[in-house]
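Note that the chains are named A, B, C and D in the order they appear, and that numbering of residues resets to 1 at the start of each chain.
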Amino acid sequence: MRPAKMIRQVLQSVFKKPATINYPAQKSGMAKGFRGKLKFYPERCIGCKMCMRDCPAGAINIKEIGEKKFSMEIDLGKCIYCAQCVDSCVKKALEYTDEFELAQLDRNKLKIVFDTKEK
Amino acid sequence: MPIEQDIQNKLVVSFSSLDGKINIPRPRRIFLEVENNIFTQVLEYSMRTLSFSILCTITGLDEGERFGVIYHLANTEGIVLSIKITIPRENPQLNTIIAYFANAQIYERELMDLFGIKVQGLPAGNRYPLSDDWPKDVFPLRKDWKPAPKNK
Amino acid sequence: MLALFFILVFPGFIFLSLLGLAGQFVDRKIYARLQNRMGPPWYQPFADFIKLLGKEDIVPAEANPRMFKLMPLFSLTAVVTAFLYIPLWDIKSLLSFNGDVIVVLYLLTIPTITFFIGGWYSTSLYARLGSVRALTQLCAYEIPLFIGILSSALLANTWSLSEIALFYNSHPWYWTFNFIGFGVSLIALLGKLEKVPFDTPEAETEIVAGSFTEYSGRLFAFFRLTMDIEMIVGASLITAVFLPFGLTLHPYISLVLFLVKIFGVIALISLARSLFARLRIDQMMRFCLKYVTPIALVQLLINIFLKGFLYR
Amino acid sequence: MAEEKDFKIPIGPQHPALKEPEGFSVALKGEKILGVEIRLGYNHRGIEKACEDRTYIQDLYLIERVCGICSHSHSTCFVQAVEEIAKLEVSKRAQYIRTIIAELERIHSHFLWLGVAGHEIGFDTLLMYTWRDREIVMDLLAKLTGNRVNYSINTIGGVRRDITDSQKKEILEAVDKLEERTKYYIEIATQEVSIIKRLKGVGVLSKDDALRLGAVGPTARASGISRDTRKDDPYAAYSEVSFNVATDTNCDVFGRTVVRLKELMEAYKIIRQLVGIVPAGAIVIRAPRKIPVGEAISRYEAPRGEDVHYVKANGTEKPERVKIRAPTLANIQAVKRMLEDRFLADMPIVIAAIDPCFSCTDRAILLEEKNSSKKNIMTWQSLRSYSIDWYRKRGIDFSKLSEKIKG
């Protein structure tokens, strides 16, 4: 039953580097396999809409913009980054990157359209 | 699955009407259909003699023109006995089992709020889980109730 | 005119509030570093103060507006005047008469009374509970604080802070006898400043913010400033009474030495703050009256024997 | 119990002591608590109703978000029930990976609880240190599953990611570091005077009260009931691992702290055994989209206690009924008993001691009732216009702001 049991640990940490960092100034990267923003390969998509059916949040939709060419519009506000669409896609047209700083002031900027033009 | 067989035999011996109604899909799971009139004896029997002393939860089911209510009991060896009774849809009535399981109160309140099953014998207390200003006789978990369409 | 300068600018309000905010920064930075955290930038307390000044201050409907608004000002003035009696850079403090130790101690009690009245008049449940707790705590830590400080004054055979400083400067190393008194007063100061082991009146996980629950905007800013200045005044009272060395050097050097001593005491306070869990109000009373007060009495006995021995 | 005239203080839905909204109205005489009325349901999101109009795959992610801390518990419990109905033979390797993630989640949940308990009794240093060490297991989980909290590693028929050998080494290193830190915290919790004073004899729940009120998990085990679903009703890979159930006979908050710390030590033992003998093999098998008719009940030992899921399938690709009974719902009835004639100051720590996760308990309905008989249920738009004219009356016009958001 000793009072002030943590005194040794507490005094040691005064000389150790603090465990926290100033986030916007310094950034600590995220793990390699982190599920972040999606990436779409329009040339591989065949428009089967399996991803739209399996998406729990209804955040993704595929539009036909030409013969055999599809664009994908994803609403990052609704997306829950579960990457189920990446698994459901038979043609591997979707991939997730590890980019997670996606905050926006205006809700419309969250809706991103991937199509052949944007490379 | 010797223990489950032995429980099944004991049940069938003491309640002959249960003969065809017990089904054991996998180890440590027993499902049971019971008529309402002998429900309390079955419950008391399984609690006292078969030592199913733990009430895991009570599940409500909306089966078209009837409501199903499943009482999930468990014992210390991990076997779950699910006793199911069915009650008619117009003014569904149930009496409380607080005498046997003190913790059944909150599960029964949930039945009252979400299914509209009146449970007699419940002491006064806050309703759970819906808020106080929830419109009367609207029961969300019934199949005929649809939530307002999400704004697409 | 000079008196106005003393009251308003130098050891008075402006200097003291800057010192108070600097003290708060030192406290928060050391507390953070003890917890292996980065801690706030140096301008954080100033930014908080200015932000709070800009906020809208809401007075609850049933509260008594006059009392509600006056309490922060009362507590601020009480604490600032207490600072004038403490010898800062040389033996003679600005105002000193025989008995100003008692005046300073009583001026330091006024803030707790204003917390009580402010909390009680804001008619919120949490504030009421917090203010009642503040008073019950008052009786627990006042006794050891008074005994600790007065025992050192007893050794110096005067009730005036300046003469205490004079006595301990003319008899070097006498102040080491008061070491127990120093410990006891530090613990009691933790209670007065409502720091963690004894911060039940303002326990945010039980009663939101204690007596400050209904305060916002300028009024809350003044209350927090009072808490900071009270920390500085409490620390300076303890240094003046228990560590009175180094006052006869050049005024600037002794002022710097005085500031170093104050920040040393504040560092001790944040160390204590980071080591203990918050005691319940009944445990705190039992601890203070059962353990801290007897030790204070032991210190008093030692000083009485010493006094008899020194002045034979 | 508590008549009207008593001094009633609401530890209301929004309160710094409570991490989630739930209502306690406490009748007080001075500092003593006379009686407590508990009002739940503020966080009810209607997940059970929502499950009924989503496919099984979508349900997986919905059920995972029942609670932020024990997301893996709910998703594993649900997936096991569905696999039982569809009679899918999940590969051994997938079960091992599920159990490893389950124990890692137990570690991160108990560390989180230790910090919150420290904060509730005013010991913020413990909060800071425990949450710093918790980062080790959070980063590990982010590496293994791709996300710090909602791992979604489960899918119907197995798991979605495999564990490579380098990841196995990382797990073992992290477990060694965590074990050394846990030993330090056991020392702290059992010897620091002010902690013991605040935890001993607080929130007492005798053994037969715990049995009668149906307490589960660490709350029950601290009162001497050695009941652990991993031992009684083993699922996933728990039958192949040897561990013992951590119990304590203190029956109070101190006992619950000791039980949770012992459970942490057990978790490290389990993970070391699992990582050592992970069998090779496929990690997922093809699952049919339409689950055949059937019903199943599955139990899981979540960090807070026994979690029960009942799933009924009707042959389509959407479940007919999903019933979730979270551990906190079972423990909440014991809180009333624990709080009788305690001090108000003990209230937060007693509530925190059962580690309540009210988002599990309530599963509320998100509803915009436009044509309801009650006129005061405002929709989001009417609430916003009401506040805009309220400010316009006071000379501040926010209407342009709302155009920008709507536009």
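Everything below uses one rule, namely that a residue touches a chain if its C-beta (ideal position, glycine included) is under 8 Å from a C-beta of that chain, and two chains touch if they have at least 3 such contacts.
Please read all numbers here as calculations on a predicted model, not as lab measurements.
For the pair chain A and chain D, chains touching both partners: C. Remark: chain B and chain D have CA centroids separated by 24 Å (rounded to whole angstrom).
Note: centroid distance chain C to chain D, computed from Cα atoms, is 43 Å. Distance between chain centres (mean CA atoms), chain B to chain C: 62 Å.
Touching two or more other chains at once are residues 125-126, 129, 132, 192, 194 of chain D.
For chain B, residues touching at least two other chains: there are none. Multi-chain contact residues of chain C (touching two or more other chains): 34-37, 274-276. An unclassified topology is adopted by the chain contact network, corresponding to no line, ring, star or complete arrangement. Chain pairs that touch one another, listed by label: A-C, A-D, B-D, C-D. Considering their complex, residues 37-42, 44, 46, 48-49, 84, 211-214, 227, 229, 231-234, 294-297, 299, 306, 308, 310, 312, 321, 323, 325, 329-330, 332-333, 361-370, 372-374, 376-377 of chain D touch chain B.
Of all residues in chain C, those touching chain D in their complex are 34-37, 125-126, 129, 196-197, 199-200, 203-208, 274-283.
Within the complex, the chain A residues that touch chain C are 3-4, 6-7, 10-11, 13-14, 16, 18-22.
Partner chain D is touched in their complex by these residues of chain A: 1-6, 9-10, 19, 30-35, 53-56, 80-84, 87-88, 96, 106-107. Per the touch definition, chain B reaches chain D in the complex via residues 25-26, 28-29, 31, 53-57, 59-62, 70, 72, 74, 76-80, 82, 101-103, 105-107, 114, 125-131, 133, 135-136, 140-141, 147-148, 151.
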